[in-house]
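Paired with subunit B in one complex and with subunit C in the other, subunit A is shared by the two complexes that follow.
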Partner chain A sequence: MQKTALRSGMTVNMRQARRRENIAGYLFMAPSLLFFLGFVIFPMVMCLVYSFTSYTMTEFSFAGLANYQRMFQDAIFGKALINTIILVLVSVPITCFFSLWVASIISKMADRTTSFFRCVFYLPVVTGSVAVTVVWKWIFNRYYGVLNYLCMSLGLINRNMNWLGDPSTALWCILTILLTTSVGQPIVLYVSALNNVDQSLVEAASVDGATNLQTFWRIKWPQIMPTTLYILVITTINSFQCFALIQLLTSGGPNHATETIMYYIYYNAFKLQNYGYGSAMGIILALIIAAFSALQFKLAKTDNG
Partner chain B sequence: MSENIASIQKRMQRKQANTGGDHSVHQITAYEVAALVVLVIIAILFIFPLYWIITGSFKNAQDVIAKVPVWFPTAPTADNYVRLFARPAVRWLINTVFLCAMSMALTCISASMGGYALAKKKFVGRTVVFSVFVCAMALPKQVILIPLLKEMAFLKLHDTLWAVILPTVGWPFGVFLMKQFSETIPESLLEAARIDGAGEARTFIEIVLPIIKPGIGALAIFTFITAWNDYFLQLIMLNDTNVLTISLGIAKLQSELSNDFGLIMAGAALGSIPIIIIFLLFQKFFTRGITMGAVKG
Partner chain C sequence: MKKLLALLLCAIMILPAFAFADETTEISLWTYPIGSWGDPDTVNGIIAKFNEVHPEIKVKVNYLDYASGDDQVTTAIEAKTTPDIVMEGPERLVANWGAAGKMLDISDLWDDAVKADIIAASPAVEAACKNAEGIYYEYPLCMTTHCMVINYNDFEAAGALQYLDEATHTWTTEGFLNALDALEAAGYLPTGVVYCGGQGGDQGTRALVTNLYSGQFTNADHTAYTMDSEENIKALQLLKDLVEAGKLDADPGIVAGDEIALFCNSTLSIGFCWNASAAVSNKASLADDVKVFPMAFPSDDGVPELQGGIWGFGLFDNGDEARAQAAKTFVKFVCDDENQAAASVYASGFFPTRASLGDVYAGTDKAENGEYAIFMPFLGDYYQVTGNWAAQRTEWWNLLQRIFAGGDVAAEVATYCANANK
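Our next item is the complex of A and B:
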């Protein structure tokens, strides 16, 4: 008798505690959930809805898959897709490799030197995309740019190049700036990951006569794998979203040579007021990014054994 | 926390090993010298754009368009700044600071509460909420701009700074980061507070906040810098001359007078020097924020 009374008393208490926990949890969550649902999730859902509509300044009607079909027939979209993928495929490996290389050098230095170099490589990120872009526009300028002067003095070219106006060089200019603005964060992450590598394993390896390179691949690389994976994912997302550079430097030109999906979405949605088509391209972009991230996770898993 | 301590210990050990007569063993290889030289050259290339912005902003009209680049302004002039401030540049700056400060404050408040709940409160649906937050982070932020513009127009917030602030606060990174920091709160402390009869609010303010303070610092500086540089969102939401930010202002200068590099560089300097100073001052927080925010696969 007494026992059951005690047990039921416990459950009531526990149930009350659980209820309190629920209420408290959601009260604490309330502000962030409100902002998150209102200004991230709701627009995301609406983006999906818009993608099935014909939505312009003058009309708003259900259009089924018309926007998606249109994309496949749109040559400029194809061009933008190819350019975007070139940017991603070139910038992601270079960013990862370069930042790992820099981090492996600077993480061995004195703290002060490490943080100096970390700052230097982070500088273009902090400077801000607009400030960085306008100065590069000057550097690349056909008549007044430093780049032309340097290349001429070194004898690399014999007449001033119109770097941003030439379809064969414009995308590579964009890529260069993109690289300088994307290595900052990976370097910070790699430096901290390399400092966290289990030092006793490294010492054991060097006692066993392993070379630096062997130690790196066998001991350090597996341990920093999670960091590498994270860097791959964020760099991929960043490269896919490259926008400010394009909008301020070339507006997708010359002749769509630097057209990227992000810029083309902007152009369609905010210049032509073609919201439905823009949303559909946004959905496709999101799916492509998700696919790339999933692929990287999968590759990293198999690579890790 | 424990991770940090471990890494500090490791560093200390390594430093001791380095100073403890290890010099003769470790010989500087040719590779290391070459690598350092290359690193310094690349570092100079990374600093050069900023150098070019600052020196360019002090160059006179001839130096700016000289055939042979003027590496250092021979006759420095403040003329570019005088012309810059003849425009509403101060207004741009005030708008930007307001936007960043508001985003920062609201993000810190909502994220520290949300992060704590996700880490320590076992409420129903916690896993689901957390997964949605993480997945949303992987999606391209810009994709939601079209509906967001419509939403802001509906809320009559279009062309106000709030149209930029609210989505910035909604971005899930802050909650995620604060969850990482809140994981380090010892369960025993919360238990002790509960036994002492402290209410939820008091526990949060007196126990939780002091522990996650470094995290809030990291998030604050991270949000401030991100908001300062979030050009795309500002471009879509802000058109009216009264609400332009410094980034939009520079972009406007560039599109209006494409070859007046001196004035454009003065704008770029005004847009970047303050944020660079803030970054350098709070660098430690910032670095920690980036590292803690990394999703461990």
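Our next item is the complex of A and C:
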């Protein structure tokens, strides 16, 4: 009887202790949770609500699916969607492959050399967008840009190209700049991931006669898969949300050749004050990003077996 | 003891809340970079002068730029954190925010004497500051005409000065074409660039097109854009032909700021976006071989109609009568005080909207600004108050891009008008 009472008392004490721990945990989380609810969840919900309204500076009324219907009939939205998907489909694989390649080279170097190259590749990431675009604008300048100068000197072109003003080259210029600002973080992550690969497995594979490619594919690649998945998802999201480069360099031109969904959302919301329509596009963009991310997770899990 | 200390600390923190009530009224001013009105030292000096007369009104200033200023104001409107006063022009104060019902009716500031003084300077200014119902949303301070600029040295070397009237700074369309030929023959290429990479400086390209064959940008009552007139289509076709012939450049990758830089570094002999303020702000960056000579836009009859720029103050309706009155007091001081008005205009680098102020630059170190007063008689219709203006601006540079990419002029203009006149 005494033992039962004692055991029961201890159980109650444990439950109380656990409850106190839980409350303490929630209290610690509260500031971040409030921030998350107020600045992430609440705006998302409001965006969804506004997407069903005709919301401008002078009007706020329920519009049902009118914004979505308008969107799928909007030729500029279609063009923006295509441009955005091109940016994603080109930048994500290139970013991943290039980052992995660079990381696999520099991770084998001396620590100082590795750190030096990590800094070099990470610099564009920490440099402000405005500074980056100003420099690239000079590089791409039709009249005195260094790119034209180099290409003319090498005989690649016979007259100055209007890189940002030509619909056939403008989007690729944006892509180039996007790549330079995207590879920094993946390189740093891959260097870390490669350094954390179990070297005993690599040595064992080497002893068993595996080639470098086999070692990489069978040993290293599975171990860096979580990092790869993270990089894929983040790079995809960043590419979908490419905005600053467009705003500062081309304003979506020439002739909507560099129009992206993010820029078109900004244009409709801030320039035309069509908040409802902009919100609807934002929802569609979020759904597309979610779909892409889910696909990437599924493929990565399939890869892992 | 610890509890006592904690209570004492709390009391010290709460105490300021019970400070004696301040009898000052605080108002906020948001200003775009209109000459030195974008310089904190200048504006603080003006506020200091104001406070000598009205110490009971405090003015806080937020400096906007044209890249993000409109976005900041839009955000403030939706967040209901608009300033009391905003300094800009009728296209924003009257046609945009005023039309949206966000601005205060400031017709009470427009007494008969002020109205007469402003009309004497330019009737277009008075007309631009009110809406179709006659409600005034803007109290103007300064104005200018947007012009273009040539490199006098290049024109002289190419023998092209004969095609312009140096005394009046005007030229005909034929003279412009002859000048382009002369510059090309002398090897001064590129001559000029029709920039169309965005809306920045679009007043230049609009004026270039409408003046070539005396077209109009809108109809008389500012209810429709009329780029599809015969004159304007002819002008656009001319520009397209000039670009295809290599006598002029078109660049969808640059805006006016880039074009001005190209002119200042002597890459171009002609600039299509210029005014008195640009002359002052770019003086230090001129290449040695650039001699600035402002010109009106070429017109078929030699009589140009130049785009006007009008800047003044509008008041947001924040529902606070005390702040509204304080804001009106400030605006009246800046624009009408006999000791301050001229200085306020001087700070802008432009010209007074009140005839009584005369030449505010005479005898000052900005005397050369007075040179640009020669264009004021050519001030044309201020049409920037036409509806759907923001969307039109995007349609305009997209129109130019499509035309210079090879599009049929009439067809592309039809698309432009259909979208702009929605």
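Simple rule for what comes next: the second predicted complex is superposed on the first by the 287 of 305 C-alpha atoms of A that agree within 3 Å, B and C clash if a C-alpha of one lies under 4 Å from a C-alpha of the other, contacts with A are read in each partner's own complex, and residues count from 1 in each chain.
The rule is simple: a contact is a pair of C-beta atoms (placed from the backbone, for glycine too) under 8 Å apart; a residue touches a chain by one contact, two chains touch by 3 or more.
Everything numeric here is computed off the predicted structure, so don't read it as measured data.
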Partner chain(s) touched by A:N162 [first = subunit B, second = subunit C, both, neither]: second
Partner chain in contact with A:W136 - subunit B first, subunit C second, else both or neither: first
Which superposed partner A:Y144 touches (first subunit B, second subunit C, both, neither): both
Partner chain(s) touched by A:M57 [first = subunit B, second = subunit C, both, neither]: second
More subunit A residues in contact [subunit B versus subunit C]: B
Subunit B versus subunit C as contact partner of A:Q223, first or second or both or neither: neither
Which superposed partner A:F270 touches (first subunit B, second subunit C, both, neither): both
First, second, both or neither for A:G253, with subunit B first and subunit C second: second
On subunit A, the residue positions that both subunit B and subunit C contact, one per complex: 143-144, 270, 275
List of subunit C residues in touch with subunit A within their complex: 70-71, 74, 77-78, 99-102, 190, 196-199, 251-254, 262, 265, 267, 390-391, 394, 397-398, 401-402, 405
Complex interface listing, subunit A residues touching subunit C: 57-58, 140, 142-144, 162-167, 170, 250-251, 253-256, 267, 270-273, 275
Interface residues, subunit A side, partner subunit B - complex: 21-22, 24-36, 38-44, 46-47, 50, 101-102, 105-106, 115, 117-132, 134-139, 141, 143-144, 146, 149, 180, 185, 188-189, 192, 195-196, 199, 225-227, 229-230, 233, 237, 240-241, 243-244, 247-248, 262, 265-266, 269-270, 275, 278-279, 282-283, 285-286, 289-290, 293, 297, 300
Subunit A-facing residues of subunit B, complex: 3, 6-7, 10-11, 13-14, 32, 35-36, 39, 42-43, 45-47, 49-50, 52-53, 56, 64-69, 106, 109-111, 113-114, 116-118, 121-124, 126, 129, 132-133, 136, 138-151, 166-167, 169-172, 174-175, 200, 204, 225, 228-229, 231-232, 235-236, 247, 250-251, 254, 259, 261, 264-265, 267-269, 271-272, 275-276, 279-280, 283, 287, 290-291, 294-297
